[in-house]
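Multiple structures are listed underneath, in structure tokens.
Below are two complexes that have chain A in common, paired first with chain B and then with chain C.
Here is the complex of A and B:
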């Protein structure tokens, strides 16, 4: 092989390598930040529901997987994932009693959160984080929405930064059962 | 209406595809009529794209929220000006703007250079049409700005209020003008490679396009910086965010190209290098769009991300492989006939300067994509922040800045040591004396002192150069200095335009030096109790609410005194927009030549009647912005140049090849 054609293939290799690297970048999500909480016990909390009718303590839900979603009426991505979560709730929580779906709004006001829930017809358990945002702090939130998948033993198995999809919810639910 | 818009884009795509095939057939069959039809097709194409753009703007003006793009980027309460600029506020519209400008350029190029570059112009049209066709395909299939939604919302989501700023409305189009402008020299280079005509003509022809693109990229970057400074409230203007880097890289290689083509023009060297540079510059503009829109790197800029990433990647790969493939095919034709004659010559300064520009661009590219490399190789997530970029690029930046001065005074081909000594003695002495004075009275740290030293050195080289030529001219023509100065500049517009731009670079670096001395303090302010900050006394009077356009501002009224004199009343505020749940920060700035007083309303404690103000003193920031008028004047002067050889050729071939239809008419 001559020096010139060696150079040619060298340049082509660099180009393809670079394109390959960027293509790899497309397959991975920079927002997927590994959480130190994975594999650890989910921090406990008790909250009163948005409508004020019931209250809940996370540790009392042991024995059933929990999908814990953090949201806010101020977050655009949450509007996109709201119907997905609601449909999931209707099918697997209310319908089959296989999972508990919880939504915790943080950095929000009760009236705005309620209006948001009404607008998107949310029926699953919704509550507001306290004024200091201590639940959000305990879970080390990166932004909204974020969703934690907690197995029947109360251990965090997976965390999703950004909106959830029906496939993701189902896949994670199956892995926890 | 929306359907018409969509159909128009499909028709434009058909026309663009016609334009990619027909010129090639015209060359094969040696039939200029076919090529002429492709020229006219560029007009038709521009007309169609302009019509589509007009329809979209009309939809914005009439608040047609059935169109998803309008509903997500506009709202009925927005001022008309921002409704128009919302056209390019999101991905779909900005792609349409890109096609609009690209097709306008294709049209101008197709006719403007039909005589002066007759041999390669068919393939220039082909290359430009391929780019247009690619963009239109994206628009039609993945990113249709005319897509309708099933339910018409009563109100749109509104343009992000952060973007409702004059600088920000001009920032994206001017970056686009820059990116797209570089597609013209790129198209000429590729056409030259295809046709095997690789003299220096493509460089002379596209000289002004290169300048134009350089200017608009610089303008876009400066406007973006000003926007960040005025709107974001962190007090700086550049954060090495991947999206900023994406715009910066083509600017660096483009500026390198702008300089290195002069070596080819004067000395017939660096031919391969120039083609590589323009391919890389064009590739980097595509890469920049890919990085901003695909979400492969984490950025604080919350752009709407979309599915078009893979297609940009395919296009980038296609462009690079074809372009470099062609280059290797013709590489024997490009090998230089000249060797460097001496170490001390302007060619070498240009060479060093090019290496530095490309070195910085490579560093930025590495830093921007390193998180990807790390993840691919080690599977770890990491992010590379400003400290890396500042540490690595600063020394290269200073060296580059120093060369700005050296290049001015060193001669082409060879310089003798004695002439060097004669030329550089005075600037070096002036720079050293000036820096000593600054060191005694103001500054100590080595980085800003180095910047001041180089700034004085570069300014002196320019001043001495201009003064000498003016004095000689004034003597020759026995006229006054003013007239002689104008005469000197007009005789060599390229050179003196360039020197004006270099003065702008000096301004910019002086602005950077100020960054080393900024002061930031959080002030808890009670009403009517003065607080001292630097040479200012600040007094918080009261909170006020007032309307500004479509927003309500809640502002802290702060009086700024200097030595007991009231200088200005600043109103840092939170602004509330009807379509936005959270308030935004409105910075208040007192601008002076030497420093900016920069106030941000952080918090209001109405119970204790307190406000918390973040106050910054940013020395010399204004100087960085002052580079813009120098760039504008400099590029304006340089653009007056048009090579004689091309003018003559254009006339001669124009007379020889007047088409039949024109004769009869």
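Here is the complex of A and C:
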């Protein structure tokens, strides 16, 4: 290969590299970078249920997979996934005790969260994050809905940004059992 | 004696107030600097300092809480990176693979300047060479020159 064509291909390589980087930057969503919490112990928290009747400490649920869903009454996508999560709860949590489904509302008020839960017939354990958003910040949330799949050892195995689907819930449950 | 003690007490009070004001100012400066280092999770291209989104407000409150509890800037950055990843920082840390992001623009500028220098040197050399090249006179030009020189000799 002559020096001239070597130079040509060198320049082409640099240009194509820059175009590739630009295309990657423009087409990838920076918010969908893998969570640094994957493979780590789920941050522990204690909450009182939205109806005030019971309380829960996450670390006490070890031994059973947990589907931890973050939601808000202000979130449009949460309305679409609410019936999916409720059906999943009815079948695998309440029905078979294979999993615990938890819903933590954040940046919300008790009255709005309760109204939302009532409207969509949510029966699984629901609670409200504190005003400082301690749980949301501890889980590195970007928005709602986001769902964490925590295995029986308390390790976060998967994080879903956006609404959950029946296929995703079943696939993740299968991988955690 | 009482007067000296009173003066000393006033002096100490002034110094304490001055020190307190200075500490507060230092904390404010650190807070603003830290707020500016973190990206608002729900906005595009804004720092938590410039955003009023719910997450930005909560992140600002958390930073202030940690700072007032005595956490260092590095500890505060580490807290958020541990949960959000390096994405949450507006400037990637100058270490490991990220160093490339800091070095590459500099290398690019120097490489560009070097290429420009080489091209301009080649242009100058080419023009000089062209100027040096001797083009022979055409027969007509030679005749005119000879006639002109003869006029000098005959003068």
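Operating definition for what follows: the second predicted complex is superposed on the first by the 145 of 177 C-alpha atoms of A that agree within 3 Å, B and C clash if a C-alpha of one lies under 4 Å from a C-alpha of the other, contacts with A are read in each partner's own complex, and residues count from 1 in each chain.
By definition in this document, contacts are C-beta pairs under 8 Å (C-beta built on N, C-alpha and C of every residue); 3 or more make two chains touch, one makes a residue touch a chain.
Quantities reported herein were computed from a predicted structural model and do not represent experimental measurements.
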>> Output check: A:95 vs chain B and chain C. Expected answer is one of first, second, both, neither. What do you get?
In response: neither
>> With both complexes superposed on chain A, which partner does A:141 reach: first (chain B), second (chain C), both or neither?
In response: second
>> If we overlay the two complexes on their shared chain A, which of chain B and chain C does A:110 touch? Say first, second, both or neither.
In response: neither
>> So in the superposed three-chain picture, is A:25 touching just chain B, just chain C, both, or none of them (first/second/both/neither)?
In response: first
>> Can you tell me whether chain B or chain C touches more residues on chain A?
In response: B
> Touching A:166 in the superposition: chain B (first), chain C (second), both, neither?
Replying inline: neither
>> Going by the contact rule set out at the top, does A:83 touch chain B (first), chain C (second), both, or neither?
In response: neither
>> With both complexes superposed on chain A, which partner does A:17 reach: first (chain B), second (chain C), both or neither?
In response: neither
>> Let me check the overlay on chain A: which residues of chain A are in contact with chain B and also with chain C?
In response: 30-31, 33-34
> Taking the complex as given, what residues does chain B use to touch chain A?
Replying inline: 157, 287, 290, 294-298, 309-310, 313, 316-317, 320-321, 324-325, 328, 331, 369, 371-373, 375-376, 381, 581-582
> Where on chain C is chain A touching in the complex?
Replying inline: 41-42, 54-55, 58-59, 61-62, 65, 80-85, 87-88
> Given the complex with chain B, which residues does chain A contribute to the contact?
Replying inline: 4, 7-8, 11-12, 15-16, 19, 21-26, 28-34, 73-74, 76, 112
> Where on chain A does chain C make contact in their complex?
Replying inline: 30-31, 33-37, 107, 132-133, 136-143
